[in-house]
Amino acid sequence: MRYLPLSDADRLEMLAAAGASSIDDLFKDVPASVLLDGPVDLPKAAGEMAVERTIGALAGKNLGTSSAPSFLGAGAYAHHVPSAVDHLIQRGEYLTSYTPYQPEISQGTLQYLFEFQTQVALLTGMEVANASLYDGATAAAEAMLMAARITKRGKAVLSGGLHPHYRDVAVNQARFMDFQVVCADPDPLAREDLTALIDAETACVVVQNPGFFGQVRDLSALAEACHEAGALLVVAVAEVVSLGAVTPPGAMGADIVVGEGQSLGNGLSYGGPYLGLMACRQKFLRQMPGRLAGQTVDVEGRRGWVLTLSTREQHIRREKATSNICTNSGLCALAFTMHLTMLGEAGFTRLARLNHAAAVKLADRLGALSGVEVASDTFFNEFALKLSKPAAQVVDDLAAKGILGGVPVSRFYPNEAALENLLLVAATELTTDDQADAFEAALKEVL
Amino acid sequence: MATKRFTKDHEWVSVEGDSATVGITDYAQQQLGDIVYVEVPEAGRSLDQGGEAAVVESVKAASEVYAPVSGEVTEGNGDLEGDPSLVNSAAEGDGWFFKMTLSDASQLDDLMDEAAYKAYIAELG
Amino acid sequence: MPTRTILGNRGLQLEQPLIFEQDSPGMSGVDLPEPDAVQDRLGGLGRKESIGLPGLSEPQVVRHYMRLSQKNYAIDSGVYPLGSCTMKHNPRLNEKMARLPGLSDLHPMQPVSTVQGALELMNLLGHWLKVLTGMPAVALSPAAGAHGELCGLMAVRAALEDRGNARKIVLVPDSAHGTNPASAALCGYDVRSIPANDRGRVDLAALKAALNEDVACFMLTNPNTCGLFEDEILEIAEAVHAAGAFFYCDGANFNAIVGRVRPGDLGIDCMHINLHKTFSTPHGGGGPGSGPTVFSEALASFVPVPYVVDKGDRFDLVEEESQSNQKPFGRMKGFHGQFGVFVRALSYMLSMGSDGLRQASADAVLNANYIAARLNDLLTQSYDGPCMHEVLFDDRFLKDTGVSTLDFAKAMIDDGVHPMTMYFPLVVHGALLMEPTETESKQALDQFVELIRGLAERAQGGNEQYFKEAPRMTPRRRLDETAAARKPILRWVPEAS
């Protein structure tokens, strides 16, 4: 067994040194009735070739987005990751290192986390960011709890344009803590007026921009309404590349910004591991969950970094911690920061314009087809189409033709008949004219 | 003349009339190490004897500070926000945590005087 | 100290500024085509201000991250004996499998008919976890161990609410990891501690005295955080169930018993598993992890969405409560879980097999007992008898030396070894918790023992200064954590001109 360095001779020698006649002596504290006397009923050890065959066969049963024209979004986006990123994150010093609890031998990790925090703060237009959370949905739930702690109030209002998974995770967390959540109806046309739902018990309003159905909105008036009522505005960003082209939430009056960072550095990977982002105003810093890398000096006066403000966290505050979080999304955050560093200001803003241009062209093409209407009057790289028939069937028919043609809204709202003809379509810098041609042709046939 | 009393959790309370100042002792700040942050209660908050009143943080630990007597907070020490190190350098002086009014002065009788507190910490070793 | 060099570098230890300090305005390491001119649809909300990101070319970026990586210790560098972290070797086959087209490029919301292989993979992973733990149900979606704890507690609460009374209290041992009480609080429970007895195990009498009809759950780590098997676990399970409560097991230490003991046989109702510990997926500098949670029959119907269903001729994904014929308590995470981590874990499981995993736990326990035996004449082992996969020492051996556990750890660093876990668990003074794992060779362990013995002798020999000034040879020496906490600087800001 290639991962087990001990030889039988080693084992004998070591047992003797430990004063044990056999390995069973070392398991003497285990009640005999529960000690298994042989391996469980699962396949035995296998070499690399055999494992590759087994897992390769499972991979072969899937239609990957790199093998078919794909227009899928709904909170996860296909982007091109520069080759250097995947090479660099596989360096053993990144891949196989741990949380930087010994800062003297973790300056690599701590410096990139500090750079990551800075980048997230810059992108969102906020003052301070943490070193990442699990994903956008859990980050949104954490932000809701954070707002509750800050305002000492017990209610959150969730926009009808918030990603349904973000909403569901927040609702689930709230239910276990006797916290009230008011969910606005799904808002495909971005018509909702949330100000009517804000009252003296509201800790926060949570909105997504661009919204789940695509629209880009000015949240300044909502921010003002929140602040007048003593509530906080939480803004979720599900497609982080939009921050290269759209006014950031910080400039619209957001108090806390959460997001999904998967688009940069991290592939689709069937939904995980992804990258939760969180940023906030400086005055709320001590209520923010998650790790933080802070700058300091060593005993020789040289600049360096450490994990800081740990007293917010579970290993110190236990049940009074800001959250129970232990892990961040380390390697995913590294991939994100590497990708963004490669892009730089010029590359990132150009990437965003490429995405928007691809989506605009696609929306115009598809909207011109009969049986298709573009429902989003504003959008970044994803828009909603209203079809002449239920979108779920259309998507299945397109898949049979080898096209991954968008995500039907009914996948997230299985019981809302009013939404069943809506299809979410995304385009990115990867979208080619040939792919758009194929999609248009197939959609015509299928409608 | 101010009366000073001490608790088993290493808080001190200095009483003059029906107004009291509360902080942690020099012994406590030594145990905690460098203080990095103090969360003091806001004016108007009512406290019960033994209830949580404040939180004091060092790099590796956060400790509750309990109200030595019942009453109402009149002022939290605003200086501690900008300079938490005052607790280390002047725990029983400028590093005070909060001032309060007392609702029941007889509660002071439950607490140790200076001599008793000194004996208590000598025993802790 | 050596004479200062011109640039401040020391041989292969190279200084590297922040990316913001290397900005070449307009530069990019990525060549992208010029976008077509379109009439934008941003509703007048196009970005007006620049972001402030620095521009670097590819060679500069590669050099930047290369130099940063060289300042990190890693499992690939040497033994990483952190207790309860299970820093075992991260096989590179796992990385290749996770990157296969047909796995890495799947979008979570593709039609289920186009990802049958992915669902089969998740089902297979779930199957391995259920067989290894002897439990009938599994939730794959929790993103990390702490998230899995939360999943277990949420299922407990949902089950109790279904019975009519959620109850109020969760009991944890005083040696519990901080995530345990933190997770309980997130579930709306108050937390009470149960003390350890003088053998380092949960005091069964104290537990029984604390159990009543207000207790929802007892959370236990087994083996516990002192590296000891809770030998009264069957009595514990009985007492907990008799009180109408549920029994949660923190699976962080599963590596000690995997393939040898099944938590289901111990009476456990729910247990999270850290795929990034027991199942070799990489720690990645702090994440991502994955914390699937297994459940007993009593909790099986409360497993959260989404979950995979094997229909015989196809696999389905149940994503919404309305589509379920069970009582899922809700959703814990966006999409379906840490799929990329599942692939890595499955690759490891298939590689090791049931026989390899059984050998791994044996070797993990043997390695820990070997270093215990080679050190306990010099260091003070906190509890007698064999340990499991990790051994706990305390700082009695440093008494009167002026050297603290922290100082001792910093001196290990100068010898190129990452320190063990310090000051945890809190039940002993100045704890040193060492977990070598099974992927360390005997030579590596002998070298580790030589280091620890050498340092212990040096400390007891009176050379306090050596420890107080350590480390000396690392890219940075001891850093001022007080200043970092008093005046937090959490991002780079441009200097005021």
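A few points about this structure:
Here the chain labels run A, B and C in written order, and each chain numbers its own residues starting at 1.
To be clear about the criterion, contacts are C-beta pairs under 8 Å (C-beta built on N, C-alpha and C of every residue); 3 or more make two chains touch, one makes a residue touch a chain.
All figures in this text were calculated on a predicted structure; none of them were measured in a lab.
The greatest number of inter-chain C-beta pairs in contact is found between A-C. Among the chains in view, C has its Cα centre nearest the centre of the complete protein Cα set. Rounded to a whole number, the gap between the C-alpha centres of subunit A and subunit B is 44 angstrom. Look at where the CA atoms of subunit A average out and do the same for subunit C: the two points lie 20 Å apart. Per-chain CA centroids place subunit B at a distance of 38 Å from subunit C. Multi-chain contact residues of subunit B (touching two or more other chains): 36-37, 57, 59-60. Residue positions 311, 316-317, 320 of subunit A each touch two or more of the other chains. Across the assembly, subunit C contributes residues 481, 485 that each touch 2 or more other chains. Considering their complex, residues 423, 481-482, 485-486 of subunit C touch subunit B.
By the touch criterion stated above, subunit B contacts subunit A in their complex at residues 36-37, 57-62. Within the complex formed with subunit B, the residues of subunit A that make contact are 286, 310-311, 316-317, 320.
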